[in-house]
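Have a look at this one before I ask anything.
The chains carry the letters A, B, C and D, assigned in the order they are written, with residues numbered from 1 in each.
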Amino acid sequence: MEKMIITAAVTGGVTSRRDNPNLPITPDEIANEVYECWKAGASIAHIHARENDGTPSQRVDLYQEIVEKVRERCDVIINLTTTGWGQKGVEADRWNHLVSRPEMATFTPGSMNRKDSVMINSPAFVRRLAEKINEYKIKPEIEIFDFGMIDQALKLAKSGLLQEPLHFQFVLGVPGGIPANAKNFLHLKESIPSNSTWSIAAVGKGQLPMNLLGIIQGGHIRTGLEDNVYFKYGELAKNNVQLVERLAQYAADLNREIATPKEARRILGIGDDS
Amino acid sequence: MEKMIITAAVTGGVTSRRDNPNLPITPDEIANEVYECWKAGASIAHIHARENDGTPSQRVDLYQEIVEKVRERCDVIINLTTTGWGQKGVEADRWNHLVSRPEMATFTPGSMNRKDSVMINSPAFVRRLAEKINEYKIKPEIEIFDFGMIDQALKLAKSGLLQEPLHFQFVLGVPGGIPANAKNFLHLKESIPSNSTWSIAAVGKGQLPMNLLGIIQGGHIRTGLEDNVYFKYGELAKNNVQLVERLAQYAADLNREIATPKEARRILGIGDDS
Amino acid sequence: MEKMIITAAVTGGVTSRRDNPNLPITPDEIANEVYECWKAGASIAHIHARENDGTPSQRVDLYQEIVEKVRERCDVIINLTTTGWGQKGVEADRWNHLVSRPEMATFTPGSMNRKDSVMINSPAFVRRLAEKINEYKIKPEIEIFDFGMIDQALKLAKSGLLQEPLHFQFVLGVPGGIPANAKNFLHLKESIPSNSTWSIAAVGKGQLPMNLLGIIQGGHIRTGLEDNVYFKYGELAKNNVQLVERLAQYAADLNREIATPKEARRILGIGDDS
Amino acid sequence: MEKMIITAAVTGGVTSRRDNPNLPITPDEIANEVYECWKAGASIAHIHARENDGTPSQRVDLYQEIVEKVRERCDVIINLTTTGWGQKGVEADRWNHLVSRPEMATFTPGSMNRKDSVMINSPAFVRRLAEKINEYKIKPEIEIFDFGMIDQALKLAKSGLLQEPLHFQFVLGVPGGIPANAKNFLHLKESIPSNSTWSIAAVGKGQLPMNLLGIIQGGHIRTGLEDNVYFKYGELAKNNVQLVERLAQYAADLNREIATPKEARRILGIGDDS
């Protein structure tokens, strides 16, 4: 079986210090947390920037600072969000920070109701984002919140805006999206092209069970406070590292070896044509 | 096995006379087509109004006229759209026509990319539409274009805005939604509450195979020019009736009896508390 | 989509004239029935021999006579059973008749309870049968009555006793085996190697719905009085041809073209190395 | 979610001291091992007897001795095998030991190839075994090695020989049966009556992943040296307890509470009519 890539999603755009006081927020906190996760086995760091008061931010200089601080510490693969929480209306704010040249960036190919609002990624926006990602030679992590998004990604691949082999991140359990259970996960996994790679994430109490399925099924997994603030029922996580460490332990029990960043780059085809 | 309800979706909001010159457009044409479909076995007529030039319309008087003309002709269950194609911005236009008091109306509980645009049914809109439908004691047909919409419907049911048993219309193959194949259909069917009723529709070439699955699996089915303009590959349908008649023939071969409108009302719980 | 192969299983080893008085029994009857099915679109004839009184028979000369009479009439692919009903204890009786050199033969890679008895194909017998089939360069049709039989076939392929691409016949609804429904069928189909070909058969009232699934899903199908004696609920089939003709009609509606025997040979890789 | 029942299958009929030198064999060893497993959270002990040299045995006095020694130590639910390994031909040897009146016994409702032999449970034998189990008021654990066995169990239930709610033990990964993977497990789980209870076991390297699925999916689980002799890849288990303890740890992480024997009796309906 392929080695397993662990992504640490250390901060996110929604989790707050009220949810978990241990959330890393400043560039230094984020870079240090990423470094600790890397030591525990994470080979990708998925990053959202925040202002010092915790507000989600799309400031380019802030992303630049985080990226530099992470790079000083370790060779983890940097994966920046393009979700643009809190930025309404200014489309380019969702990709301007990619000038910091991360190796990966998230890419959500569709729209849906998300809790009490509508998460909009119109077909036209999605195409422009794909062009920008291609221009920067960034590996897109295709985020699948609902089933139909797979189809939209496949059409982009057909039109040449995404390149196979595709890499999918299944994000289950987001309210409005596909619920986090084994049946839904298998259905997603069985509906992507066979040459694809995939990772699984889930929010809240679905995080750990879906991660275990990822381990068992030979895929990759994402954990972190972005998706879930608890270590177990009724017990907040002390930090992101604790979540990564437990998965590394489970992986050892289940005979899955952990990929280093270098191995993860090979698995994902990052840097192939550099 | 339960008797099978056939819904005729005779016009829709997108199909044009350029797609199929036999599309019924005026109130008289629509009412006559519905009547013929009813004679062939349809017990529900799903209706969109059009201006005489074919433009989709939400005019209340137009819906009123169609409803009256259908009622003069037969006891088919009238199911009005609430999609509101072509009406941008004026929310109430999507429910004002319900004053004509149809027994059913479509109800789409979520948003998604649909071809080149975003089909928006925000959580707030969806709740207001549910309230309106409840006020008029209309049976909602919950349209499921993508998987996550089931979850949104179940949350509305939990909050009391939809009443169990729920009735779902799976609409497969819409670009941006869940593709039309047996695997996706089964997954949808297995993910709704066990006391629900369901019907299956699919657009384009998926229509007939998905209808056959509905027959085989003991559910209900929807056909019509709204979803598909062909009778078979390369051959346009002469009318909606031709599509209904073929399904009635298949149903006979497969030992499914066709429900009358009266039986359909019982199956769907329409008129229970009148 | 690949052209579709229809197999006519005209007699079988269990169906009797009490079940359906139109069952072909003698070599002439069988050959004539096969010929009519071939004219209606069948490209494979699956054959069991019977004594004149209807008793299942493994007599070599009887098989030889049937094979010759079919070959005089048409170029249909002949597929002989190796089930050996009614022959208890004499293992070679299950393959001696293969000296008539059919192009195909059934091959059941496992054991299970079948109605009130145990259908035994021990691992050792299965290996000997595979050797015999290989010796005669016959294409095996791997009959899958229950899920675990797939695994047994794959192990034979791994050991070199079966050659990929494999051809599977899913036979659903046999009491003791896997029930005939869409869920089970999809599960089987998704569990064979992706380079395999497959056909679907089901007994009794499952026959027509499972055949329709085969048409829809792009596979091949088997019909005939061996599996089911009814044309529809409460109405006995007049003959095998009537069943083949209906499937050809359905295939036309669903845009599946019917394979000629020549095309079927290419699809199945029959005669490749001759 | 229901509390989770852990079954310890401490010895089995196939595993030998050559496979794992820590295998408990004598009545004292078995009773002590069961006691330790019970302390670690097991509420059912699944037991096979062995002669002192390790040979599988159906001796009634040996079973009697084990049962008494276990009962002296703890209130674990005793579940005796009816497989009868190594006893060929004498049918009653498979149930005579039930005079020791265990609360549960395994019940395999079908036949299949198992590795290099045929595991035969003919329809007639299965009925007689059901009668014997009913006579003794033992709760049958219906062992499902392949898909079709579910159907055979349901037919026995229909005929009154098994009583709903049924309790199933899915045993995956036995060569000749259904392979151990998430897809097969979900398919089995979704194919039993909704009022059933179920547990999952798998042999060899499938044991731990399938147990994790059982925890995640809200079912019950079986572990032990009968099914698997390793703790992890390349490392033999020190004893059965080590396997039980790890599962209890995983259950804690995943918020599943462990059932005591008393709670397990309630969940399974054991002792209801006493």
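Going forward, a contact is a pair of C-beta atoms (placed from the backbone, for glycine too) under 8 Å apart; a residue touches a chain by one contact, two chains touch by 3 or more.
Model, not experiment: these values are computed from the prediction.
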Superposing the C-alpha atoms of subunit C on subunit D takes a rotation of how many degrees, nearest 5? 180
Same or different interface residues for subunit B and subunit C, judged by whether over half of the residue numbers are used by both? same
Suppose chain centres are the mean of their C-alpha atoms. Which chain sits farthest from subunit B? D
Can you work out the whole-Å distance between the CA centroids of subunit C and subunit D? 38
With centres defined as the mean C-alpha position, give me the subunit A-subunit D separation in Å. 41
Can you check how far apart subunit B and subunit D are, centre to centre, with Cα atoms defining each centre and the answer in Å? 50
Please list all residues of subunit D that touch 2 or more other chains. 183, 190
Examine which chains touch each other and state the graph shape they make (line, ring, star, complete, other). ring
Full set of chain pairs in contact is A-B, A-D, B-C, C-D
Which residues of subunit D touch subunit C in their complex? 109-113, 115-118, 120-124, 126, 145-148, 151-152, 155, 175-179, 183-184, 187, 190-191
In the complex formed with subunit D, which residues of subunit A make contact? 182-183, 186, 190, 205, 208-209, 212-213, 216-217, 232-233, 246, 252-255
